[in-house]
Structures are given as C-alpha cells and as structure tokens.
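Two complexes follow with subunit A in common, the first pairing it with subunit B and the second with subunit C.
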Partner chain A sequence: MFWIREAQVNNIYFKTTIISLLIIVSQAIAVDNCIECHNQIHEQIISDCKEDAHSRARVFCAGCHGGNSALADEEAMNPKYGFVGAPKPKDIPRFCARCHSDAGYMRNFNPALPVDQLEKYWTSRHGELFKKGDYKVAVCNSCHKAHGVFPSGDTRSSAHPKKVPSTCAKCHSDPALMQTYGIPTHQYTQYIDSSNVHGYALFVKNDITAPVCNDCHGNHGAAPPGVSQVGQVCSHCHMLNAKLFRASPHKDGFDALGTMECAFCHQASPDVNAPLARIHTIVKPMAKLAGTVQPAVCVQCHSQGDAGWQMAGKVSAGSDSLAGKFAAAEALIKRAEKRGLEVSDARWQLNGDIHRAMLELRTAIHSFDLEAWQQHFDYADSLVNAVNAQGLHATQELSSRYKYFLIMTLIIALLIVLLILKIHQVENDRKAALTNKQGGIRR
Partner chain B sequence: MPIEHTPNYSVSRRRFLDLLLGGTGLAALIGLFYPIFRYLTPPEQEEAVVSSVNLGPAKDFPLNSGKIFRFGNKPGIIIRGSDGKFRAYNATCTHLDCIVQYDAKVEGVWCACHNGRYDINGRNISGPPPRPLTPYAVKIQPGAEEILIASQDGAQG
Partner chain C sequence: MNNKMWNWFNERYKIDSLREFAQKKSVPLHSATIWYYFGGITLFLFGVQVLTGIFLLLYYRPGVDTAFESVKFIITKVKFGWLIRSVHSWSANLMVASAIIHMFSVFFHRSYRKPRELSWVTGVIMLCLLLTFGFSGYLLPWNELAFFATKVGTDSARAVPFIGDMALRLMRGGADVTGATLARFFGLHISILPIVFAVVLGVHLFFVQLQGMSKPLGHSRDDGKKRSMPFVPDFFLRDLIVWMVVFNIVLMLAVFFPWELGVKADPFSPAPAGIKPEWYFLFVFQSLKFLPAHIGPFEGEMVGIMALGLVGLAIILLPWLDRAASRERRSRWLDAIGVFVLLYFAVFTILGYVLD
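For the complex of A and B:
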C-alpha cells in the first residue's frame, strides 16, 4: 500500500510543478496592454510604477483600475471587466481599502502589514471631514502618492520619516487651503528650524527615529493630540520625565490652563498668553529653562514669593553652581591629561557616573519636588567635588614638577656661568704666567 | 720689486675655531633645553588601549542581574541571565551614547534617556536605538572561575 500512496504524492507534486511553471511562463510572455497603449501618454506614471510596492507584488494597472490588460484597445477598458479608471477623491479611501482592508487578500503579499488603515482613517480629523462631504482633505494618495507607492521604510517613499514633514507640509503649509479650516501654517517651518531638537536630529544627524509629524499626531488616524495627552505622546521616548510630570502637581494645572504639558515649557520662547505659538519648535533642553529670570519658563506662571518661584530660584542657583563646578573639574582633568598625568579614574567618573547623575538631576526637575531634586543634586555635587579634588591634586603635582624643574634649570644655568668664569680665570692666569715668564727671559 | 703676500692664516684659523666652538655650545644648549621644553608642553596622549579586563569570581554575579564595569575608558555591561549564561556588551547606547542598564523584570537592556530597549542578546528591539550593542567576548578562566572580558577584535571596544 505504501508504494501506492507514494505514487499519489509524487503525482500531486508533478501536477503542482507543471501548473506553477505554466503560470510563470504565461505571465512572462503575457503582454500588459495597459502599458503598451499608455506608454506614450502616461510615461511618467508607468516609470513611477516600475519598481514600486504594487509592481513588486505583481499588482499592475488593472489590479487597481480594473479592466482586462490582456485585451487590446478600448475593449480592455470595458466596464464588464470591472474597469473603474481613475477614481475620484471621494472614492479613494474605499478604493484602496478594497485590498488594504482585506486581511485574507493582503496575507498573500505581506502578512505583517496592518489592514486597519481605513478604520483609523475614519477616526482621523481628515476622515471626519471627509465623511461630512469635504473631499479637499487628505486621502490615501495625498500622502502615499497614487503611483510609485513604496513602503515607508524605503527612502523613495513619501511616507519615509525624512519625507513625512514635507509630505504633510504640501497641504499644511498652504495658507489658502488651511485658511478654510482656521489652521496655522507655521508647523513645517517651526519643525525644520535649526533650534528644533527633533528636526535637527532628523535632518542634520540623520536619526530617522527622531519624531516626525505622524509620531505625535498619528498617521492614518491623524488628529491633534488633546491638551492632556501631550505628555502621553512624549512619554514614548521621554518615559521617566513624563512619569514624574504626570505625578506632579503641574499635570492638573497645565491641563486646566490649556497649555500643552511638555510642549509648553520645551517650545522656543514659551508665552502663557499664546501657549501653542511655537510648539512645533521643541528646543534642546537646557538648565536655564528653570529659574526666575528670562528665558526661564517658570516666570510665565509663577510670581515672586510663591513656592514655585522659590523652587525655581533654588534649582537655577544649584544648576548654575553645578555646571560651573563641572566645567572647572573637566578643565582641570583635561589639563592634567594634556600634561601626561594619570587621571583616568577622574575621566571615567566624568564620562560615566557624573554624566548619568546630571541626567538624573535634569530628569528630577520634572517631579517639581524640591526635596527629591535636592537628593539628586547632592549626589551629583559630591561626585563633581570628588573629581574636582582629583583635578586639583593633579594640578598641585604638576606645579611641584614645574617648580623643581625651574630650580634645577637655574642650578644648571648657574653652573654653566660659573664654569665659563672659571675657564676665563684659568685662561687669564695662564696668560699672566706666560707674560711673567717672557718678561723674566728678556731681563 | 715683487709684492710680498703674507696671508694671515693664524687669525683665520682662530676665527674658524671660535665659530665651531660657539656653534657646538649652542647645539649643546638646545640639546639641554629642548627636552625640558617638551616635558613642559607634552604632545596629546593617545588613550591607553585595553583589550581585556578581569571582573573577578563568577560566583559574585547573581542570576538575572547586570553590572556596569570599566573597559578602558568606556563603560561595559555584564549580564548574567536566568539561564546562568554570561553576556557582555559595550554599555553605550547606540542612539545618543547614554549608558544603558539591565532591566531584570524583562530580562533585557534598557536605556533611560529615550526608552530604548535591547534584548538580552544586545539586539535593539524597540525605541530609537538604530543598532545592536557591541558585544564583548566573555571567558571564564578555568580553575580560577574568574570572568574575563575581551573585545571581539582585540582592541578597545
């Protein structure tokens, strides 16, 4: 019986192989009449599609536009073959969703690809307006292009992290279009400003993990984050800061004021009277952000004498003093290294423990708890003082070496002078003896 | 009457010897002071290359724990997993150079700066880190049962 079963299995393999070969051969020799006819009039479109995600999945023109590409001329576009042509904006979300929302179908190409884009789209601000009949809002091809669609990880994709800001800016930097919705148009210019820490990381340091528009607003479900959700959005990367902030008394206060939590303090030149004015320029965090003098942000809400003002003053003074000590310690260690002294322990402390302690101190500010901050400050301060002491010790050692060198140099120089004088004296004595001798002979 | 030439060879020779003596003296002075000058202004020193470090007895590392150690002037992290296996990496986060730490709860490596995560094998699994951590070779010295860390390429990691 075994040989019969084996023959059946072999037969199935044989048939499958033949069918597969036939499919491959037929596809290889099949002529796509869409391309044959449109090659001249839609050259750019055909060129764009040549290597895109759809072509690689063997989804060609008819895959989206319908029709029968095996037939020539007008017959290929007969509606009886499902020809739909170029979809109108009002049809595009559902048009793309025919495949992209079909989990079973998409599994044939990329089982890991999400299939909830349309569902999310309806929850987005774009989708909400679309449902109300506004077809000027962004639909699939506004961001992904209609032809030449690439996965977002491909640098040719308009949804690649480095392209997202300019893709969104196509509409959001258009004053005429945005005027309709009462939305400002400065987001892109604020994002690409060189003082924007995220834009700088993306464009200058080529860090494609730096947040772009969709990391904060969502992509298919794009909407502005609510006032009380900003901290949540930032917490994806700035987890500890957000955790401390959410547990602090500032959380409720900020939400009540309508200031965008993290974004309010960390934007360029925050102004409580215009809390959203520059929230797309998130500047590099610096110690002077906390304090009682401009550009410290605390003064926007706190006034002289209140508890917040006092804490801001102490934090500012402490940060300044620590920064000064750190700079002095680093200069001492650098000088000692340059002079060839062994200070590797101190350098290790500066780059390791102190670096970490100062980061923790900066994070601790977000608790807005003076006692907790003070503990971190005392620890960082003690580490810096220890390194400072090592630096001073190295400097004293260096001074001693210089002093001994100076003394030895003076002694050697004196010795040389004395030797010269001695030679002169010996020479003079010899000349005098010679003169006396000659005088004696003449006499 | 022919003119008598009496060249002053003795003066010329003395001058030559004086010049020779002065030049030699100057060279001797330069030879004396140049090392002093170089001592006072030494050239920039290269960081000492460290290719291995001994972290002491293996029994000092509990299961499911991690520890930062010094590898030359760079931080390293040694991890002993729940399986008892030792792994060591350069502890500098591949995102923005913060020092990573071991997270025993998830048995992985975590960077507090931007919530970057690596698995126990040093592979970047979430957050912004773009690359895995640089691994170090871990050897347990036979007999002494001491942990010896070495960089993979023999140079400082």
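For the complex of A and C:
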C-alpha cells in the first residue's frame, strides 16, 4: 500500500506547484492599480520607486501602505484590506520593522540582511529620544528615504559611503535643529575639510572603505562614542597603533587626564583646553606630528627638558634626516629613470620595502619607547641607504657612459679625418698620374 | 710577405680578376649621387644588427619566465650589455628608415626601370623581411607593450579572407599570444629571417655589381660628358665616412636615449592605454582605425588589409606597370602617386602618435 500513499503525496506536490505557478504568473501580469490611479499626483514617488530595492523584491505600494491594488477604485484603500496610508513619524520605526525585523520574511529576499535594525535603533541616541516622544529625531526614512530605497552599496542610496556624510549633515548641520539638543554643527565641514585624511580618502581618492560617520558612531545604533571609547573605535582599523599605544606609558596618562586617546593628537591643531574642537578633522599622519615645535602635538603636554620632550626631539631629528635621505635617494632614482637607466629594483624598494618600513616607523612612535623606535629607524635607514647607493651608482654609470661616448666620438672623428685625408691623397695621386701621363704623351 | 700571401691566393683563386672587376666598377656622378649612400647605410646597419644580435644571443633566453629577466640581466649586469641592446634596437629602427629612404629614392629616380627590375623586386622583398624582423624582434623582451602590440598586430591577420584564422594560429602558435608565440618569433628572428635575408641580399648585391648603379631618369642620356667616380677606393672611402657618422648617431641615441625595457608582460592584466606598434607600422594601424566597421557587405578591417595587399602587389610589379620609365620618360602621374604615398605615410604616422 506504500505506493498508493506515495502517489497521493506526489499528487499534492503537483497541485501545490501548479497553484504556486499560477499565483506567480497572475502576479506578474496583474495591473497595479495604485500606480494607475496615482500616476499623476505621485509621479515623483512612482519614478523613485521604479528600480529601488522594494520594487526589485516585488514589494510595491500595497506592500507597505496596504490596500488592495487589484481594485481600480477607492475601495482599494478600504482599511479592511489593511490600508494604512502614509505612516506618521511616530509609527515609522515599527512600520518598517514589520518586515525588516521579521527574519523569516526577510530571508525570502536577502538572507544576509540583518534584522536587528529596530533593536539597535532603540539603543541609539535617536531611539532614546524617540521613545521619550521626540519625533523630530531621525527615523528610518530620514536616512534611507521613504521611496527610492537602495542597498547601501548602490551609489544611488543615501546610505552609500560617499553619501553618508551629507545624509547625516541634513540634520546635524542644521543649527536651528541642533540647538535644541545642544549639539555643535561643525562635524560635516570638518569632515569634508581637505586636511581630513578620511574625507580626503573618500572624496578625492574615491576610497569607499574610508570611515564615514556611521563607522565611528554606528548606524542604526548611532551614538557618540565616549571619551574612553574613541581609541577602541579607531583601533578597528588602526590595530597596531592601538596595540602599541595601550602598552605604552601614555595610556595611563591619557586616562588620568580624561583625554581621548588617538583623536586628541591626530585632530587638526589639538588643544588641551578644547580637546573636541576639531575632532572630525583627522590630519594626515606625518613625522612632523612628533617633535618639539609646532605642528608637533607633543608640546601640548610636554615641556622643555622632560623625558617626553627629549624623546620627541630625537624622533623628530631622526625622522627629518630619514625624510631628507629618502628624498635624495628618490631624486637620484628618478633622474636615472628619466635618463633611461634600468633601476626598477631600486624603485621597487622605494615603493615597497621602504614605504612599508617608514610606515612601521611611524607606527612604532605609538609605543613611545625610544629603543623600539630606534630599531625600526635603523632598519628603514639601512634600506634608504642601500637605495641611495644604487642611485649614486646609477649616477656614476651615467657619467661613465657619457665619458665613453665622448671618447668614441673623438675616435670616430679622427677616423673620419684620416679617411678624408686618404680620399685627398687618392685623388691627388690620380691627378698626378694623369698629368704625368699627359706630359709623357706630349713629349 | 704580403706580396707572397697575395700571390699564393691569387695563384689559386684568381683574386686579380676580382680586383680588376672592382676597379672597373664606377659610380655615376650627378646632383642625386647622395641618395646612393642609403643602400650602403642599410647594409652597414644590417651588419651592426648581426653583430649585436650575436652578442645578445649569448645571454638572451627565450621563454615567458626567462625572456624579460634575461634582457633585464643583459642591461643591468652584463658589461656594456645596455649598450649592445640599445644599439641593436636603435640600429634596427634606423635600418628600416634607411631602407625606406633608399626605396623612395629608387622610386623617384625610376632606377627600377629596365634592366634593373629584379633589383627592385629583391629590394622590396628585403624591406618586407626587415619589417618582419622588426615585428618578431619587438616581442622578444616579453614586456607589456610588446606583448599587447603583438596581440593587436597578429589579430589583424584575422581580417584576411579564407586563410585569416589559419594565419593567425600559425603566427601565434595557438589561439593567443603565449610562450609558443615567443618561441616561434625567436626562431624566425634569429634563424629563418637571417638566412632568407642573407640570400636575397646576396642576389640584390650581385645584381647591383653586375649591372652597375643606375643613373636617375633624365641623367642617363649621354650628353658627351660622362662623369663618374671609381667605386674602389673613392666611393667606398666616402661610404666608410658615412658609416662612421651613422655609427656615431646610433651610439649617441643608445647613450642618451637608452631603449627602455618597461614592465614584464602579464597576459592576465588588461591592455594598458596607448598601445601602439613600432613607428613603421603606425600608418597601417591608424588607417585601420579610421575605417568604418563595415564597407558595403565587407568588414572594414578586411577591406583595409586587402587594399594594403594590393598596394604591396603594385609596388612589387612597379617596374612592369611603369611603361613610361622603360622608354626613358617620366610619368607625372606616378610622381604624384609617390608624393601622395609619402605624405600619407608621414601624416598617418604623425596622427598615430598624436591621436589617442
């Protein structure tokens, strides 16, 4: 009897498959009456939604707003069909979460998409205020838009890395709005400042891995990191620097002063009296940040004669000398390349090994251990010296080439003179022979 | 001692007759005598190529893993290796230039007219061989530019009707430019071409010796004042002076503008911008670029290649096509065509460099 049961089961599968196919086909050919009627009054919205993430997942108007899109009159918007219309700001987080917090439902579209946005939102400063009844704060559509929602990797998305700073700035650069919360509004202008290494990487070098607002503050759980958390945030990318710093004597000192770890020294024009003044302009790391004269940051805390001052002086002097040697070696190699000499090995070292060694040297400063720094310095210095020697060798090679060429030219010129003399001699001999011959004939 | 040696050889090999032949040979003197030197310059540069090529062979190792490295070794580690390689590359380019000038001078002087038809044919064959020398030698360092230029160059063979695909596979040793292409280009460059070239050159020189140097059209009528210069030693000594000057120019180019090696070819990397063939192929490259995708029912590139083939055929058959020259008359039409070809070559070569 087993085969009979199996046939019944197969029959059920067959029917289910046919019905599913019919539903899919009917959905595909069904006319969306929302668009048909709202085409004129909501033209922009319809256009925005045309290719967005929801449309591509076949979630059309009724998917969010409810109603029956198969009906062609106002009956379509009867609440009995679940019509909710445009949600009010106070309803938006939960409105979006109906789908986006439903792991089972979201799996149908993108199993990799997180479903904890609402949970995180409640922990954010936005969510905290929202819960207190402040509905001016950012909700889902403030950052993602209500219509025309794209995945954050899509350049059309307002949450794309290159758009995030301006998206956040819509509210955070609005003095009237921010005044309510006592929040400064200079973050965006500081971020897009050309001296901000992160903004430069993002906008000028088009490096979308460069950190934007949400990388440090979080996205759905956005909140400013506390003073003690800043180093932790930076360490996500700058691991080695953070590791060395935490093991250094500066860690305890900064903690005792209540100063942010990384951001204090690396912001533009750090000032102990206003430690947060330019926190969103992180300057390009350079050797000059360590030293005893501006723009070195050490002078903010260290005074002349103390151990830190002395170390800063040595590091600064070493860095300056290395930078000078590097520039000289690079100039030699560049000159050799320009003259057509094969110095690709030296170029490889300049762009590879030495670049890496100098990066490690800059990183080693964060240990604030002169001996450790000196080891890295000696290594980088030896590499630069080796390339410099190659550059000098190339220069000598060039001069010897020119010298040999000059000698060869002189030899060739001499040969040419000898050949000209020989031609004259041959012609004179021939003339003389001819004259003698004619003379002999006359006689 | 010298006399004894001379007598010893002369007794056995009749060298005297050769000397008498050489002494009888004369070079016509006229306002266009200077153009005679370009044949000699091409011959001299060929000698430089053979010599430097042999030196390069001592260190060059063909193969995708060794070719680039061995050339790098030659120019960085081998004593005067950079000079030999640069002289080889510069001399090759000057040789092609000199051969082209030689060919145009022969054309405008109508020196191909009866009885020197076969001297012209062998000369055109040698120019083709020189271009093949250049094309095959360009790939040998296996650098990025050469790799992609060879890819583009061999790809145009595809446009030849009926045998295009077969010719492409034959040239590349497969569907793509690989180590197999390098191996056959190397074999062609150092073995097949030199042998064939030497034979054709021998025949060409034999014809020149046998028939003497042609006087340009208009100078050949006997006006009662036959002006000439003995080839040995007068013209030969002047030839030597010119060769010395050319050699010094080659040295200067090699020293002040050493031939670059570039970066090693990576078949998996995308073609870099600005891929161009050697200058003597640039006018063809540029012409094909200007052609539309389709001309009537045919592909534009195919029409271009076929037109080029017809022009090549017309050049070879020129002595028989130009009937006026054999009657000692100058065809103005042919002069105009010659000037047009020269201008076309110059303009399209410049465009090839200027345009992207």
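The rule we apply is simple: the second predicted complex is superposed on the first by the 344 of 443 C-alpha atoms of A that agree within 3 Å, B and C clash if a C-alpha of one lies under 4 Å from a C-alpha of the other, contacts with A are read in each partner's own complex, and residues count from 1 in each chain.
Rule of thumb we're sticking to: a contact is a pair of C-beta atoms (placed from the backbone, for glycine too) under 8 Å apart; a residue touches a chain by one contact, two chains touch by 3 or more.
What you see is a predicted model; the values in this text were computed from it and never measured.
Touch criterion met: A:359 reaches subunit B, while subunit C stays clear of it.
Set against each other, subunit B and subunit C differ in how many residues of subunit A they touch, and the higher count belongs to B.
Of the two partner chains, neither subunit B nor subunit C is touched by A:90. Residue contacts after overlaying the shared chain place A:239 against subunit B, while subunit C stays out of touching range. Within the superposed three-chain model, A:207 lies in touch with subunit B and out of touch with subunit C [touch as defined at top]. Of the two partner chains, subunit B is the only one that A:351 touches; subunit C does not reach it.
Within the superposed three-chain model, A:340 lies in touch with subunit B and with subunit C [touch as defined at top]. In the superposed model, A:431 makes contact with neither subunit B nor subunit C. In the superposition on chain A, A:422 contacts subunit C only, with no contact to subunit B. When the two complexes are laid over each other on chain A, subunit A has residues 339-340, 344, 402, 405, 409, 412 in contact with both subunit B and subunit C. On the side of subunit C, the complex with subunit A involves touching residues 72, 75-76, 82-83, 233-234, 237-238, 240-241, 244-245, 247-248, 251-252, 255-261, 263. Residue ranges on subunit A touching subunit B, taken from their complex, read 207-210, 236-240, 337-340, 344, 347-348, 351-352, 355-356, 359, 363, 402, 405, 409, 412.
Across the interface of their complex, subunit C is touched by residues 339-342, 344, 401-402, 404-405, 408-409, 412, 415-416, 419-420, 422-423, 426-427 of subunit A. Residues 32-33, 36, 39-40, 42, 44-45, 48, 68, 70, 73, 75, 95, 98-99, 112-115, 127-130 of subunit B are the ones that touch subunit A when the two sit in their complex.
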